Amino acid sequence: MKIHEYQAKEIFAKYKIPVQQQVICHTVEQVATAYETINAPVVVKAQVLVGGRGKAGGIKFCTTKDKALEAANKILGMDIKGLTVEKVLVAKAVDIADEFYVGLINDRNTKSVLLMVSAEGGVEIEEVAKTNPEKIIKMAIDPLVGLQPYQARNVFFQVMKNGNHVRQAADILVKLYKLYMETDASLAEINPLVIDNKDKVIALDAKMNFDDNALFRHPEYAAMADYTDDEKLEVDATEKGLSYIRLDGNIGCMVNGAGLAMATMDMIKLYGGDPANFLDIGGSSNPQKVVHAMEFLLHDKKVEAVLINIFGGITRCDDVARGLLDAFKIMTVNIPIVIRLSGTNAKEGRELLKNNNELITAETMGEAARKVIEATKKA
Amino acid sequence: MKIHEYQAKEIFAKYKIPVQQQVICHTVEQVATAYETINAPVVVKAQVLVGGRGKAGGIKFCTTKDKALEAANKILGMDIKGLTVEKVLVAKAVDIADEFYVGLINDRNTKSVLLMVSAEGGVEIEEVAKTNPEKIIKMAIDPLVGLQPYQARNVFFQVMKNGNHVRQAADILVKLYKLYMETDASLAEINPLVIDNKDKVIALDAKMNFDDNALFRHPEYAAMADYTDDEKLEVDATEKGLSYIRLDGNIGCMVNGAGLAMATMDMIKLYGGDPANFLDIGGSSNPQKVVHAMEFLLHDKKVEAVLINIFGGITRCDDVARGLLDAFKIMTVNIPIVIRLSGTNAKEGRELLKNNNELITAETMGEAARKVIEATKKA
Amino acid sequence: MSILINNDTKLVVQGMTGRDGGFHTEKMKAYGTKIVAGVSPGKEGTNVNGIPVFNTVANAVKATGANTSVLFVPAAFAADAIAEASEAGIKLVIAITEGIPTIDVIRVTPILEKNGTKMIGPNCPGLISPGQSLVGILPVSIFSEGNVGLISRSGTLTYEMVNQLTTNGIGQSTCIGIGGDPVIGLHYIELLTMFEADKDTHAIVLCGEIGGDAEEQAAAFIKEHVTKPVVAFIAGQSAPPGKRMGHAGALITSGAGTAEEKIKAFEAAGVKVAKEPIEIPKFIKEALGK
Amino acid sequence: MSILINNDTKLVVQGMTGRDGGFHTEKMKAYGTKIVAGVSPGKEGTNVNGIPVFNTVANAVKATGANTSVLFVPAAFAADAIAEASEAGIKLVIAITEGIPTIDVIRVTPILEKNGTKMIGPNCPGLISPGQSLVGILPVSIFSEGNVGLISRSGTLTYEMVNQLTTNGIGQSTCIGIGGDPVIGLHYIELLTMFEADKDTHAIVLCGEIGGDAEEQAAAFIKEHVTKPVVAFIAGQSAPPGKRMGHAGALITSGAGTAEEKIKAFEAAGVKVAKEPIEIPKFIKEALGK
C-alpha cells in the first residue's frame, strides 16, 4: 500500500526526522491560508501516488503568495500519468546546498532490509541504477542487530565530508530504519535528503509503501490508504478472497493460482487476444468466490468473452462448476464463456456443466485461449 | 531506581498487560471514593518501596466499604521496614485459582536478560531460590532475537496444563519483555501472576526497577522516582559527581574509587570502628568535589571523625589537598580529620597541607584506620 | 532418489488441528508420507487419527525424531512457528501459510541460518518426491515417478506443467513449489545445486515468473554449474509494469524483472524456454534424447 | 611475556579528541604504548601529536593495522562504538567509559562473540603489561615488571594492591581492572585461564567485591584448573545488604554475594584471602617461596 508524501512526512515527524513545515490543501483558498501561515517562499507539490511529479509540472517553487496561488490553480485538477491531482502539499522552501538519495527496501536477494544511499539525490534512483550502478552504496541490514549508528555514519562518510552533516544524516537514517521496521514498511525513501544553507539535514521528499500482508498490525496506517477507483476494485476483490487487477483488453479471465493466471493471460496474448484482467480465485473451494469473480468480470463493460481456466489442486473443479451454476442463477450472462477444467474432480465438474449449452469447453490452456479469442471475433 | 506497584501497573496497562482496576489513595476519604468506584471486594495495599508488605500487615482483602476504610486507616501511616506508608493502592479483588512467579532481570552470568518462571507464585523468589532452586525455570533471552512467543509458551507449558492459560501467560510475558527492553528496566516481576476463577490470567502484583544509567533516555520514568530522605541525599550527591550512602556509624569516610572506599570501610570495621558512610569522590580531579564531599560528611551529625583515603591515579592528590583547603575556608571543622595521600602527586598534596596542624596524616590505609578510630575515642 | 524429502522424511505438522492442517494431513498420510506428530498448543496427549499431538515442536522432536515440519499456522503466528521448528532441531521447514509479513520472514531468516534449517516457502504448495513422500498441498494424482526435477515459483502452474509431463510419460524425481513471496527460503540456485548432485534427476524444469532477478541469477548459475539439461517457462509476459500479479513477488519495477529479460538470460545460458506449457515435455524429450 | 597486551599491541583510541581521551592518549604514548590511530567522526585527515585521526574504526584498521581499541566515548554512544570496533576487526576492546546502560552492553555482547572480540570493562581502568604496554587510565608509576598477574573489579583498590606489591619488590606481568558494572566482558575465569597459560606469570592476585557470584565461580574454577598460587582480597565486608556501593555490581541481595560467602569459597579452594591489602605481598612471597 502506498501513501502520499504528506502522510509519509507526518510519520517522519512522529519519529523526529526533520521535515519542512507543511500544510495539505484541497483548494486554492487553503493554499492562500497555508502561504500566510508559513509566510516564506514555499513549494507547491502535487500529491498523487506516482513518480515523475516534477517532470509533469506538479512541483512549483513559489516566492510570493500570488505565485503560490497560480501554481495551486494549475496543479489542482492536473492529470499526472492518468491520476487527477486532488490535493497539494504547501511546504516551506529550502535553500539546498547538497542533496542525496536514501532508501530502504525489502530485498529478495539478501533476504534483508537493504539500505541504499547515493550522492545522486533528487533524480529517479532507477535511472541511477541503470546508468551508474556504482554510484549507489548498498548495505544489507542484519535484521537481528538492526541498523547501528556507526554503520549509518560509515555509509554517509562515503558521500559526505563534513562530520556534522554525517552525524545528522546518520541520525535520520537510524530513525528511518526504526520507523521502517515498526511500521512494516516495504519501501521508505528520502529523495532528496538535503543539506540546507544553514548546514541542517532535512528530508525534503518522502515516499513510503507498506507491506499489505502486515497492514492487519497497523490499522492507523491502513486507514491512510487513498485508492483510485481501480484500486478500490482490487481491495474489494481482496476482501472477497480474490486477487483482481483490471487491464485494458476484452477477454475476462478467471483462473486459480497467480502463476497459472499469468500464464493464461500470456496464452491469450500469444494467440493474438487481449486479456481484460488478472483474476486469481485462490486456493479455496468456496463456490461463492466463483460467483463474486463472475460479478467482477461482468461488471467490466469492455469484457466481450470470458475464459475460465481451472487446474484443480486444493481447488475442486466441481466446486467451481457449482459456483458457476449459482452465478448463472442470479445474473444474466450474454457473452460467450470458455471453460477448461483439469485436475481434482474435473470429471465431476464437467458432469455438472454438461447441460449448459452456452458454455464452450476446452481440454488444454492453449485450446481454451484459441476458443475464447475466436468467440470475441464472432461477437 | 525503584517505582511503586501502582506505577509499574500503570506501565503494564500501557503495554496491554492485564491488571485489575486500581485507584491510588493518599487519604481514607479517597479510599471511600475508590471503593464506590470499584463497587466490589477490594484489596488495600501499602505502596512502599520494600518487600514483605504482606507479612507486615500492609495488604488487606476487604469485602465491604467499612472494612476497606478500616484497613486504610490502619495501613496509611504504618511503618514498614523503616518506611512510612503514605499511599495505598485500592484494587478490585481477584478470586485466585492458581498463581505463579514471573521475573526478568539483567543477569551477570549469562550477560543477558534472564527469564525466571516458577509455579511457586506469591512467595519471595529469593526464598524459593534458596530452598527449592529446581522449582525456578530459568532461560537466558537472546538479546538480538528477543523473547519469542513460542519460547514463552514452552516455558509456561512446564508449569501450566491448560493451553488457554499458557497462551494468555505467554502473551503477557512477551509484552513484559518488550516493556522491559523499551524502558531499560533492570528488574521486572509479576508475583503473583494469577489465573482467576474465570480462566483469565492477570498480573496481580508488579515490581519494576530501572537501570539508573539509562534513565537519561526515559525522563518520563525518571520522574516517577519517590525517594526517601536518605535516597534524596544520594541523588543529590550523584548530581555533584559523588557516590554517597549514609550508614549508621560515626566515622565519615572520603575515598576515591568504589572498591577502595569499600576496603576503607572494611578496614575501619576490622580495627573496631564503625563507618558513617560510603563516599566515593570518583575519578576526576576537581577540588570542588572535595568541598561537596566535606559538606555531606559534616552535615551528618553522627560523624565524630573523618578519614580521607586517596590513592591518586586520575585523581591527583594535590587537587584533593586544594579542595580540602577550600573547604576549610568556607566551613568550620571541629572534628578530627585523618588524611592519607598516596599515588599521583602525593608529595605535592602533602606539601600543600603541611601547615595545617589540625590534620592527622597517615602513610597506609591500616594506619589511617587505626588513627581515626583513636581520634573518635579521644573526642 | 530425490532431493529434500524421501522415505526417511519424518514429518511434524504445525497447526494440524486447524481446518487446512487437518485436511492435508490426511492427504499426505494417504500418500504414504510418514507423519509422526502434530503440534497444537494445549492439546498434548491427544491424537488425531493415530497421530500424536504435542504442545511444542521441541516435545514432538524429542518424542518422535521428526526431522521435517510443514506449517499450516495462520500468517500472524507463522514466523514464530518457523523459529520454533528451527530451534527444536527441524532441518527442513515447509511453510504453506500465505500472507506472512515480509519483515517477519526477514527476521526469522538468521535463525534458520544459525541452525542450518532449510525452508521451502512461505506461500508455497510444498513439494513431492513421487512414490516416496508428499509434504504440502499438491494434488497427488498428477505426479508420477521418474527423473525430471521441477522448481516453480507458482502453485497451479506447476500442476499444469507436471500434468503435461506425466501425460507424456515423463515422471518426476522431486517437484518443488518455492513460493511467490518476495523473501523466501530455498531458491533456484540452491535447488539446482541439489538436482545437479542427485543421480536420479536427469533433467530439470524451471518455472519462473516476472519480478526480481532470481531467474537471471539462475540462468547465470546454470551456465557455470549445471550440466543437466534445463527447460524453463516464464509466466507474466503480458503483465503491465507496476502491477502486482497476485504473487507479491510478481511485480515488474522499471527496468528489472520483465519476462523478456528473463527469457533472454535463459537462452543466453543455453536453456530452452517454452512459450506454452505444452511445449515442455517435447523439449525435455529432445534434451534426454528420447 | 604477559597476557592480552604486549609490544605487538597496536592501539586505536576511540574518542581521542575528547578531554579524557586526549589526556590519557598522551599518558599511554609516553609509557610506550604503540598508539597507531585515533577515531573521531569528521576529523579524518588531521592528526593529534602525530597520531592520525580517522572517521571510522574500519578506516583506522585498514590504514594502520590496529588490533586493539580503547574507548573514551560518552556512555550514550559507547555500545555503538564497541560494536563498530568489533565489526572492524578489532580483537580486544577496552571500554573505559562508565555509566553505559546495561541493556546496551547486553545487546552488544553477541556481536563481540560473533567476531571473536574480547572486551575489558566497561567502567574499568584498563590494563597494563608493565614495561610493554598500557591501555587505559592506570597511574603508571606504581607498576613494575615481574611475574604476578592481577585481576580486579576495582580501580583505585587495584592501585593500592599494586603499590603494595611494587614497594615490596614484587613486579607484575599484567594487571587488569575488569570493571564494576553488572555485565562486563572478560571476567575472572577467562583471565585466570590466560594467566595459568602464561609462562611468565608465577602467581595471581584476585581482587573481588561483594555482589553476584563471580568470586564463587572463580574459586570453583581455581580449585579445578589453576595450578599457580592465587591470593584474594574481597572488598565490601562491612557493606549492608540492599545498598549499592558505587559500583552497580556491588550490591548484596538477600543470600547472595556477601563477602563472607566469597571468602569461604576461596578458602575452600585453597586460596589465601588477605584481610588487609598490606598482607598481599606477604602471602605472595610465601606462595612463591621467597
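A few remarks follow.
Going by the order they are written in, the chains are A, B, C and D; count residues from 1 in each one.
FYI, a residue touches a chain if its C-beta (ideal position, glycine included) is under 8 Å from a C-beta of that chain, and two chains touch if they have at least 3 such contacts.
Worth saying up front: this structure is predicted, and the values here are computed from it rather than measured.
The fewest steps needed to get from chain A to chain D, moving only between touching chains, is 1. The pair with more inter-chain C-beta contacts, choosing from A-C and B-C, is A-C.
In this assembly, the C-alpha centroid of chain A lies 27 Å from the C-alpha centroid of chain C. We define each chain's centre as the mean of its Cα atoms; on that basis chain C and chain D are separated by 53 Å.
Rounded to whole angstrom units, the spacing between the C-alpha centres of chain B and chain C is 55. The multi-chain contact residues of chain A, meaning those touching 2 or more other chains, are 144-145. Under the contact definition stated at the top, not a single residue of chain C touches 2 or more other chains. Shown here, the protein chains touch in an arrangement that is not a line, ring, star or fully connected set. Two chains count as a pair here when they touch; such pairs are A-B, A-C, A-D, B-C, B-D. Those residues of chain C that touch chain B in the shared complex are 40-44, 55-58, 77, 80-81, 83-84, 87, 111. Within the complex formed with chain D, the residues of chain A that make contact are 145, 148-150, 153-154, 157, 162-164, 166-167. Here chain B touches chain A in the complex through residues 144-145, going by the rule given at the top. Taken in their complex, chain C has these residues touching chain A: 75-76, 99-107, 109-110, 125, 137-139, 141-142, 152-160, 163, 180, 182-183, 207, 209-210, 212-214, 217, 233, 235-240, 243-250, 253-255, 259, 275-278. Residues 106-109, 111-113, 126, 129-130, 142-144, 181, 184, 186, 211-214, 216-217, 243, 245, 247, 255-263, 265-270, 275, 278, 280, 283, 311-315, 342-344, 364-366 of chain A are the ones touching chain C in the complex.
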